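Note that chain A is present in both complexes that follow, paired respectively with chain B and with chain C.
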Partner chain A sequence: MARVIVVTSGKGGVGKTTTSAAIAMGLAKRGHKTAVIDFDVGLRNLDLIMGCERRVVYDFVNVINGEASLNQALIRDKNCNLLYILPASQTRDKDALSQEGVGKILDELKKDFKYIVCDSPAGIEKGAHLAMYFADDAFIVTNPEVSSVRDSDRMLGILSSKSRRAEQNEEPIKEYLLLSRYAPDRVKLGEMLSVNDVQEILSLHLLGVIPESKSVLTASNSGVPVILDEKSDAGQAYADIVARYLGEEKPHRFIDEKKGLFGKLFGSK
Partner chain B sequence: MSLLDYFKISKASSASLAKERLQILVAHERSSRNQPSYLPQLQKELLEVIRKYINVEQDAISVNFEQNDTQETLELNIVLPDHPTKIS
Partner chain C sequence: MSTDSQQNAHHLPVLEFKSSTFSVPVLVLTSNDIIAIEQQLQEKIHLAPEFFKNSPLVFDLQELNKHNLDIDVSRLATLIRKLDLLPIGIRGGAAQQNQQALKLGIPVHSGQSVAASSIQKQQSPEPEPLTASTMLITHPVRSGQRIYAEGDLIILAQVSAGAELLAEGNIHVYGSLRGRALAGVQGNTEARIFCSDLQAELISIAGNYKISEDLNDAVPNRRVQIYLQNHTLVIKDI
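Moving on, here comes the complex of A and B:
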């Protein structure tokens, strides 16, 4: 059975697109045929993060309107032949996406793909609503910062009341917490909410912590999902997340600060 | 204990302040999330009815909805003025 995963947060700039690109690539690299869809109509960016911006011919809205077939619009990833990208349209028409149209496309994708990753736009408007409506699993991307945590909680409320599963009284969407831009040294100084703090407030299952990392910008600069940078901390964090999602037991990493020479000499452990 | 710990300034951290604020806010927002959607309208109409007979202020009425496993409670609280003046 295919699973539809929504990557959402409410707040913008927390790392939804980075996460969507990384986990879609991770799932595909693990041998699962995966499609990743950009729901941010008017502000498409997933293509840029995936490095396929010059290969976009047709988009999501073209398929909904019947101007192109799904196969014409899907872009095969250059790094992994099990990964396909469905780019968002750059139209300014807010009503370009319809619930019926999105449902049809997802049903068609479900026949052929194992995982369908929906990259939600920020906010709680139509695009965000449609990205989460058909989801089976939700990855809530949160930064350890007050506004992001609050918005994540708001999103949880919407997932549990406005989704298809909620409306049809089915088993609720499985919700997972992905804490990104985490800085253990700042947590230790009491300047940043800790993983435990955020988990306690949101009471969510933690899928993984992604440390604040230079490699994320480097990856987006070059249009390569950060998970392919296997040496980087963020890349490894996403690889762990994919493994945990697939049911593997992996101890959490990147929660404690890295000790430099100074820390090793003077540190307590 | 590390040598460095002696030099740390001990004061309430901003992170613990953030946690406290969020816990209060999230609890409040969650409780209002579970309320039935008709509650604000109910409150408005109740106030209109009461005002036909007694002169009460807008904020003198509060409607509270509580939910636990076994029952739902709708609590209505009206603060009557000290000297109720009947509207003729």
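Moving on, here comes the complex of A and C:
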């Protein structure tokens, strides 16, 4: 059965698109046919992070409006032939999306793909609502600071009351916490919330901690998902997250200041 | 509210009973002179025709019955309908008047009836059960969510900052309470709040509230109850 994963947060700038790109690539690299959809109509970024911005012909809104077929709009990734990207439209706004249209596209994708990753826009309005509405699993990306945590909490409330699964009284969406931009040294100084603080407020299953890392910015600017940078700590963190999501047991890393054995071997930044 | 629990996966509920209060104009009669009533009622309606048009109306015969002035209920109902008002209840009527009203399809509102005869007791609607059902929530209540319980409300998880609990009865929270909790929202001053970890933004019982700044004395991670004493909220360890 195909699974629809929404990457969401409520707050902007916490790393939703970086995370969407990384986990979609991670899932595809492990042999699962994966599609990643940019729901941020009007502020499209995923194509840049995935490095396919020069190959966009048709987009999500074209497919919804019937101006292009899904196959025409899907862009195959250069690094992994099991990964496809459906870019957002840059010239339209969120109103161009309709629940019916999104549902139809997801149903069509489900026939062919194992995982469908939905990159949600910030906020709780239409775009974010449609990104999460059909989800089976939700990755809540949170930064260790109070406003991000509260917005995530709000988003969790929406997931549990306004999604399709909630409306049809099905099994609720599975929710996972991804704590990004984590800096253990700043936690120690009391400048940042700790993993435990965030978990206490959100009481959510922690899928992984992504450390604050220069490699994320480098990867974004060069259009290569950070998970492909196997030497970087952020890349390894995302690889762990994908493994845990697929059911593997992996001890949490990057929570403490001292480098783990793996980090020492590879000299993480 | 489709928040939680008890919903059976086999069938979706298509209806539910809710208790609501409406404000309805009551026509209190002090004379049984139908012609005078018609005249004065017309004058009143003339002052605000839009307000009265098709407005529901309860007529009260208590004053008449106090002075043993009888009135023909069916004639009165016809008159009310003629003036584009919709009689939806009789109050304070004698047994025979109530029976007459019921025959016309007008419900009897008990409570202030002068003639509390046995017949009328049988006819008055079943009293609402004293204990409205308890609502049980097993998942965390998130920021921005709002839960309203007509009776007691029991939460077996945490209540996040920015969430709001409202109950006509008591509120129990067996997790951290970081949001708002308002018990006895319909004015029940006997309602209480019980929680195992008080970090609330606001607590209120029957409209008497305290905000988080006033809760400084309350130590988190201790089981407490909150109740009303002389219009002041009291927080006590359990």
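One rule holds for everything that comes next: the second predicted complex is superposed on the first by the 254 of 269 C-alpha atoms of A that agree within 3 Å, B and C clash if a C-alpha of one lies under 4 Å from a C-alpha of the other, contacts with A are read in each partner's own complex, and residues count from 1 in each chain.
Keep this in mind: a residue touches a chain if its C-beta (ideal position, glycine included) is under 8 Å from a C-beta of that chain, and two chains touch if they have at least 3 such contacts.
Worth saying up front: this structure is predicted, and the values here are computed from it rather than measured.
By the document's definition of touching, of the two partners only chain B reaches A:Asp197; chain C does not. By the touch criterion defined above, A:Lys126 reaches neither chain B nor chain C. Look at A:Lys110: by the touch rule set out above, it reaches neither chain B nor chain C.
Between chain B and chain C, the partner in contact with more residues of chain A is B. Using the contact criterion defined above for the overlaid structures, shared-chain residue A:Arg165 touches neither chain B nor chain C, since it reaches no partner.
Within the superposed three-chain model, A:Arg150 lies in touch with chain B and with chain C [touch as defined at top]. In the superposition on chain A, contact of A:Val187 is made with chain B only, not with chain C.
When the two structures are aligned on the shared chain, A:Arg244 is found in touch with neither chain B nor chain C.
The residues of chain A shared by its contacts with chain B and with chain C are 150, 153-154, 157, 161, 200-202. By the touch criterion given at the top, residues 2-3, 7, 9, 12, 139-145, 157-158, 160-163, 176, 178 of chain C touch chain A in their complex. Across the interface of their complex, chain A is touched by residues 1-5, 13-16, 18-19, 21-23, 25-26, 29-30, 33 of chain B. Across the interface of their complex, chain B is touched by residues 145-146, 149-150, 153-154, 157, 161, 187, 189-194, 197, 200-202, 266-268 of chain A.
Chain A meets chain C in the complex at residues 150, 153-154, 156-158, 160-161, 166-167, 169, 172, 200-203.
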